[in-house]
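Residue numbering begins at 1 within each chain, and the chains themselves are lettered A, B, C, D and E in the order written.
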Amino acid sequence: MATGKKQPMVAFKGIMKRFGKVVAVEKMDFEIEEGSLVTLLGPSGCGKTTLLRMVAGLEEPTEGDIFIKGKRINDTPIHKRNLGMIFQNYALFPHKTIFDNVAFGLKYRDVSSADIREKVKRALEMVRLPGVENRMPSQLSGGQQQRIAMARAIVIEPDVLLMDEPLSALDENLREEMRREVDNLQRLLGVTTIFVTHDQREALSMSDKILVMKAGRKQQEGNPESVYNEPSNHFVADFLGHSNFITGEVVDVSNGHVNVRIETGDVLFAENKGGFSKGDPVEMIVRAQRFDAFPREEFEPVEGMNHFEGRIKDRSYMGGEVSYFIELGADREIHIISMMRTRLYEIGEAVSVQVSPHHCHLIHME
Amino acid sequence: MKQVSIGWSLIRIYTFLVYLFLFAPIVVVIVLAFNPKQFGIFPMEGVSLRWFIKLAQNESIIQAFQNSLVLGSLTAVISTGIGILAALAFIRFEFPGKNTLNTLLLSPIMIPEVVLGVALLLFLRFLQQPKSFALLLIGHVVLTLPYVLLIVQARLVGIKKEYEEAAKSLGANAFQTFREVTFPLLLPAILAGALFSFTISFDDITATLFWATAQNQTVPVKIFSMLRNSISPEINALGAVMIVLTVATPLLAGYLSRKFSKIKE
Amino acid sequence: MKNDKWKPWALLAPSMSAVFLLLVIPVCFIVVYSFWLRAPSGADIPAFQFGNYAKFFEDFFYPKILIRTIRISFETVILCVVMGYVPAYFFYRSESRYKKIFLLLIMLPFWVSFIIRTMSWINIMGDSGLINHFLIKIGLIASPISMLYNEFTVLMGLIMYLLPFMVLNIYVSLEGIDKSLLEAARCMGCTEWQAFREVTLPLSLPGVSAGCLLVFVLTAGTYLPPMILGGPGNGMIANLIFKRVIGTLDWPFGSAISVILLSLLFVIVWTYNRYLGINQIFKSLQGS
Amino acid sequence: LGLSGLPFGNTVRDAWAAKSIRFDGWGGSVSEAFRKHAFKPFTKATGIDVIDGEFGDMNSYLTRVKASYPPGGEFNIAYLSAVFDYARYVDLGFSTVLDESKIPNLKNVMPSMIKPLRDITKGTLSAVPYDLGQTGIAYNTKHVSKEKAEKLGAALLWDKDLKGKLGSWEGDFRTNMWYAALYTGQSPNNMTDLAAIWAALREQRGLMKKYWASGAELMSLLANEEIYATVAWSGRVASLQQEGHPIGYLSPKGTYSWMEYQFVLKGTDLAVAQQLLNFMLEPNVAIAVAEGQNYPPSLDPSKVKLTEKIKKMPAFDPTGKLDGYLFAKPAYWNAHQVEWTEKWDRIKAGS
Amino acid sequence: MATGKKQPMVAFKGIMKRFGKVVAVEKMDFEIEEGSLVTLLGPSGCGKTTLLRMVAGLEEPTEGDIFIKGKRINDTPIHKRNLGMIFQNYALFPHKTIFDNVAFGLKYRDVSSADIREKVKRALEMVRLPGVENRMPSQLSGGQQQRIAMARAIVIEPDVLLMDEPLSALDENLREEMRREVDNLQRLLGVTTIFVTHDQREALSMSDKILVMKAGRKQQEGNPESVYNEPSNHFVADFLGHSNFITGEVVDVSNGHVNVRIETGDVLFAENKGGFSKGDPVEMIVRAQRFDAFPREEFEPVEGMNHFEGRIKDRSYMGGEVSYFIELGADREIHIISMMRTRLYEIGEAVSVQVSPHHCHLIHME
């Protein structure tokens, strides 16, 4: 505050959680800006839920402190923290009407019953389900139930909205739709939100900031583009999107570019964003979508681009896109995904593959 | 897969015979309750309500009925009450020795009632304490607790923690959460458990024989002592009344709870 | 939040105290009492001696009752399996709308007084009971044949009491079998019978064995069926305890026999739990 | 928790004690006689309830008494049979000292029945004698002729022709040993050849249809013709005869006789108990009960005029001296009771 | 046969299945060529499983006939049909070793035990799990169990392999891997396969032929490209991939092209594949991936292409791709998915969108 920096809405300071011998969350510092939507992303068991539940007060940190609005809340009991929580399976009270569900939190908040009615009505309108007050949760579809869960959480005007894989029980199409809605609603209300998911698409498309975790440790934090395009390590690159990993050695460094000799003997160019020097063993990460494939005979190499020759080894038609596995020889294979505009390549066909150095991201060998 | 094979028919016949075996004694009791004869069983010589009338005039049996009902109801209430608490502890908390304690609470199923009956008798004698209704009641609670525990635990496992967590995150404290969320969701199991313990208590003979004081003899104990004088139409009539009572109650309760839970889910 | 370690204990306090007061301590007490002496008048004298145990094993009379108890328990178990498997299988496979009612019916005996059901066998098998009456009526026999008060009738009583437990255990484990396993077996070339033998039967064994344990333990501890339907030579160990405690006032000896019975059951349950796990039993009781 | 139950238990008991007294008897037609002729009128007259319980044999009742605490807190008056039990109850410390002045009707009771009790309790009384009875032999006259029965006597109970149709009392080793003694030609109060007794009982076991557990069961077995011959309590046989069943009664030489008395257990409200006992000894009450249960009363025929019906009952002694009666000697039987109970049990169970 | 046409391996003739009042499969005719992999695709409850189970003999058709190798098999009991079936939950026998599981079908087929051992070994090698013979199913991971299920089904050399959503219990990454494996194995063995799924990617990438179903009725059958690119109706287009539906009216038909006036007043061109004539009300279907978006100021229209002007209304970053919702005015919005090579468009930015008539598929208004 002295530095004029805006006070974060939620802050973790050296937070750590151990269950018996399992360390679910390893010492972690992390801040969440007011009004932003932050996603905790990582494989199953990496500690996302645990972190979220510590904010909610459903788990107690083994070490470290949690702050909300600058106030340490470690010892505040759950029901006194003003939080909205949304669960994967909605957790609507099956024995209460929608009205009673949504009004539940207000009952404990000194709100007159007229106001309660008014607020519930507004919340239901906000989630675009006006008029369902008298139904039971079981009379609503999955997506509708999820919306009611939203309404129930936001109606209390929480300081922070916590969502643990709220969309993963929905089927693909509905999930995409709900993703947009949650996103819109969050922006509309400007409520600080922590969102847990292991679905990278969800994380990439919704977040202001993504925290990638692995085995209880922070791997990378940043906005979606930076996390996707500049993964800080192999794990992050592998976890997000379809990546090709090409190992090699830096053979030359010159004005913002690095030349890397890869296993096949080819030398590839990459932008130098990380301060690499000659002789460094590196890993080059290229997203499958960043390659372009051309029929061998039609291919004309472009100056300053990287290219390979190869043969289609396997392909998989996906409608909008086609996924190819291209054999480069010497046991190396790359995976490319291309939007299909013209014809499909046949298995065995000779192709040339090209990728811009701009899309070749280097990391130090781990 | 069609089920018209000979094998399937045999299975049906077999099942029918097993049912016959299980139900013959029950049916016979009810039929013979209307037997006007004092001695001998078959053939029946007409139909009479004589023994029911005799029963209705037998104060000690009516007293026993009252005792059984009071005992059964109190057992059901207490057993379910403390069973819910114990189930909450086992399902919602982690603590050392949990499995052992759970097994301990379930162990009355496995320990012969004769042994339990004797054990308590000796213990009381040692303490120089009189038997009492309260003791009989706690004894029945211990006997029925395992069943309540099993039923309530099973249901509680099915009630996701998230409901309670949602309630708490919305501002309800522990008690409010229980009252507003856990209890109503648990209700079908609570009813089932209460019913189970009522019938077990109402029907118990072995341990009750040891524990009951002279003043609070129950119907089965009464029947037991009547049986020492051999089978009689009066016992059959009493049996018939018991059957109707104990069968009608759960059926009614089952119907009601199904109606309840339909609203719930 | 800070420290809720005490909460489960508070929740357990009432049930634990009831169980301690009426189960744990009294059972310990039986052990203590089993070392006491007994005066001819019937008074009990605190002591520490093994006379009661020695008396049990001093000749073959008491061990024989123990062995008989184990034998009858085994017979009951086997008969319950034989009689219970088919109906359980029937429920499992039936697609009838009345399946639920059938199941409810098998539960029904649970709700009908055990003592009434037991004594009713006298109505059926007594000298002037249903069967004799019927046989005389059709002229097959002239005077009633005695069917009551032997081991056979004791077994009938026991089976009638315990069969529903067995059926439920088996049914629950049958229901747990993924029907697609059967379909898989059929697709691979099994006839229905082969599929039953290869898949259904082995996979229902956990339920069968759980039922067996439950039936065994319950049989070994009952005394009503032998008392009401048995002759003097059909008594089981629980009858012996009953007689020693109620009939002959020999409480120390009764305690010693109780300890012996408990030890036997404990060994059986412990062994079972060790190799098969006890949870299956509770599963089926929950279902009911 | 258990302790919290105590006050409740006490309150309940106190509440009962205030206006009721508990009586335990032999059940069936005997109980009915008491209820009808003694208790109902007593309650009507005094407002004190009589709770009547029943038992089928002496030991199980004693166990219940022994298990209750304090003794008599639960049980008050026991309708006991035979003097040896009086001795046992006294030995176990359940006796009281009755204030005989509060039971003026005691003067009508035969002195020969009071004396054995006084001998045991050193001059005081913890019980009042109430009636006399016998354990004789009952047989079905349709299947066993009177001549045959008379001729065989005790041996009727060992008659191979009656295999599967014989009965005996399960709950008492004395009755069974008594008849085995008569069968083997020994004196029941001094059996010298026990091996012969056991052998006889084993032999009998093979002929037995059922060992009955109570008087009511005895009646039902006879009436249903499930058994044709059995040891039997004289009163019960008389009741069957009055109902018209073809049952004969045989009292061979050395028939087992006993006297019954109302024992007041320690801890009982003596005032109430004495009031009830006195009421029960009221000649008209005692006579009505006797006629109902078919056992002759303890009233001294020389002081009270008894009815014709009573005079015809087995075990009735017009002299009131009971000279020719063979009772079980308390000291003899009680000394061996543990051993013989055990033995009888084993034989019954097939050893 | 007389026509020289190859006899189909499986044929449905007027097949229909009713459960009580529910018609699960409506009269259907369908043929499956020997050695091909056919996918039954459709939303939940559309009757896919029912159709499959009728082939297996696990359900009896209410009407119609099923032929395998030209032989009517309606009355052949299950165990006499020589079929391999693979279930969603694997359905491995939990009480039998892997060996016994795989050998199971052979036991009923007169195979000597030496041969059994040999065949099981080969089958396990084929699914790349040699040497697991003595383990129990519970000792294997989900993916491995699925492979054993495959081995068990193929070892009996079935006439037809039936798979009911075999991959849906696996998690995303594993699913993709297994999809490739199943595909390879099926091609290697050349076994006729019926594959049920509701995952369009699975269907598109694996099948020789797709049968799209809805509410028990056949909607379309054909190879993946034709089903994806030339959906025969709105349902199929909507169910597969991200489609834009633009309603309009044919205003001109000329040499292989159709001019369609859409609601905004613009006239778009499409190839005429369906025999449309002037005045026909039509629906134009364009896949989201087929559009190209350009910054308005840089856009130069290309002759013969369709183009619109619009504004970015919403965008969703998905790493490899970006999904944009573009407002065309008058309440119309189109959804485009583009591979992100340059910068992202901002919300509100004016863009021009272009699509080739080749990718505009017309269907008659329903």
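The rule is short, and it goes like this: contacts are C-beta pairs under 8 Å (C-beta built on N, C-alpha and C of every residue); 3 or more make two chains touch, one makes a residue touch a chain.
None of these values were measured; they are calculated from a predicted model.
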Least hop count linking chain A to chain B through chains in contact: 1
Pair of chains joined by more contacts [C-beta pairs], B-D or C-E: B-D
For chain C paired with chain D, centre-to-centre distance based on mean C-alpha positions, whole Å: 37
Centre distance in Å when chain A and chain C are each reduced to the mean of their C-alpha atoms: 58
Chain A-chain D separation of Cα centroids, rounded to whole Å: 91
Chain D residues counted as touching two or more neighbouring chains: 1-2, 64, 66, 224
Per-residue multi-chain contacts in chain E, two or more chains: 58, 78
Residues of chain C touching at least two other chains: 14, 18, 21-22, 126, 128, 186, 245
Chain E-touching residues of chain C, taken from the complex the two chains share: 178, 180-181, 183-191, 194, 198-199, 202-203
Sites on chain C touched by chain D in the complex: 14, 17-18, 21-22, 38, 40-43, 61, 64-65, 126-128, 146, 149, 231-233, 235, 243, 245-250
Chain B residues touching chain C - in the complex, by the definition given at the top: 1, 3, 5, 7-8, 11-12, 14-15, 18-19, 21-26, 28-29, 32, 40-43, 81-83, 85-86, 88-90, 92-93, 95, 98, 101, 103-116, 118-123, 125-126, 135, 138-139, 141-142, 145-147, 149-151, 153-154, 199, 202-203, 205-206, 219-220, 223-224, 227, 230-231, 235-236, 239, 242-243, 246-247, 249-250
Complex contact set, residues of chain C against chain B: 4-5, 7-9, 11-12, 14-16, 18-19, 21-27, 29-30, 33, 83-84, 86-87, 89-90, 93, 95, 102, 105-106, 108-124, 126, 128-130, 132-133, 137, 159-160, 163-164, 186, 192-193, 217, 220-224, 228, 238, 241-242, 245, 251, 254-255, 258, 261-262, 265, 269, 278, 282, 285-286
Complex interface listing, chain E residues touching chain C: 56-58, 77-81, 83-85, 87, 89, 91, 93-95, 104-105, 107-109, 152, 156, 162
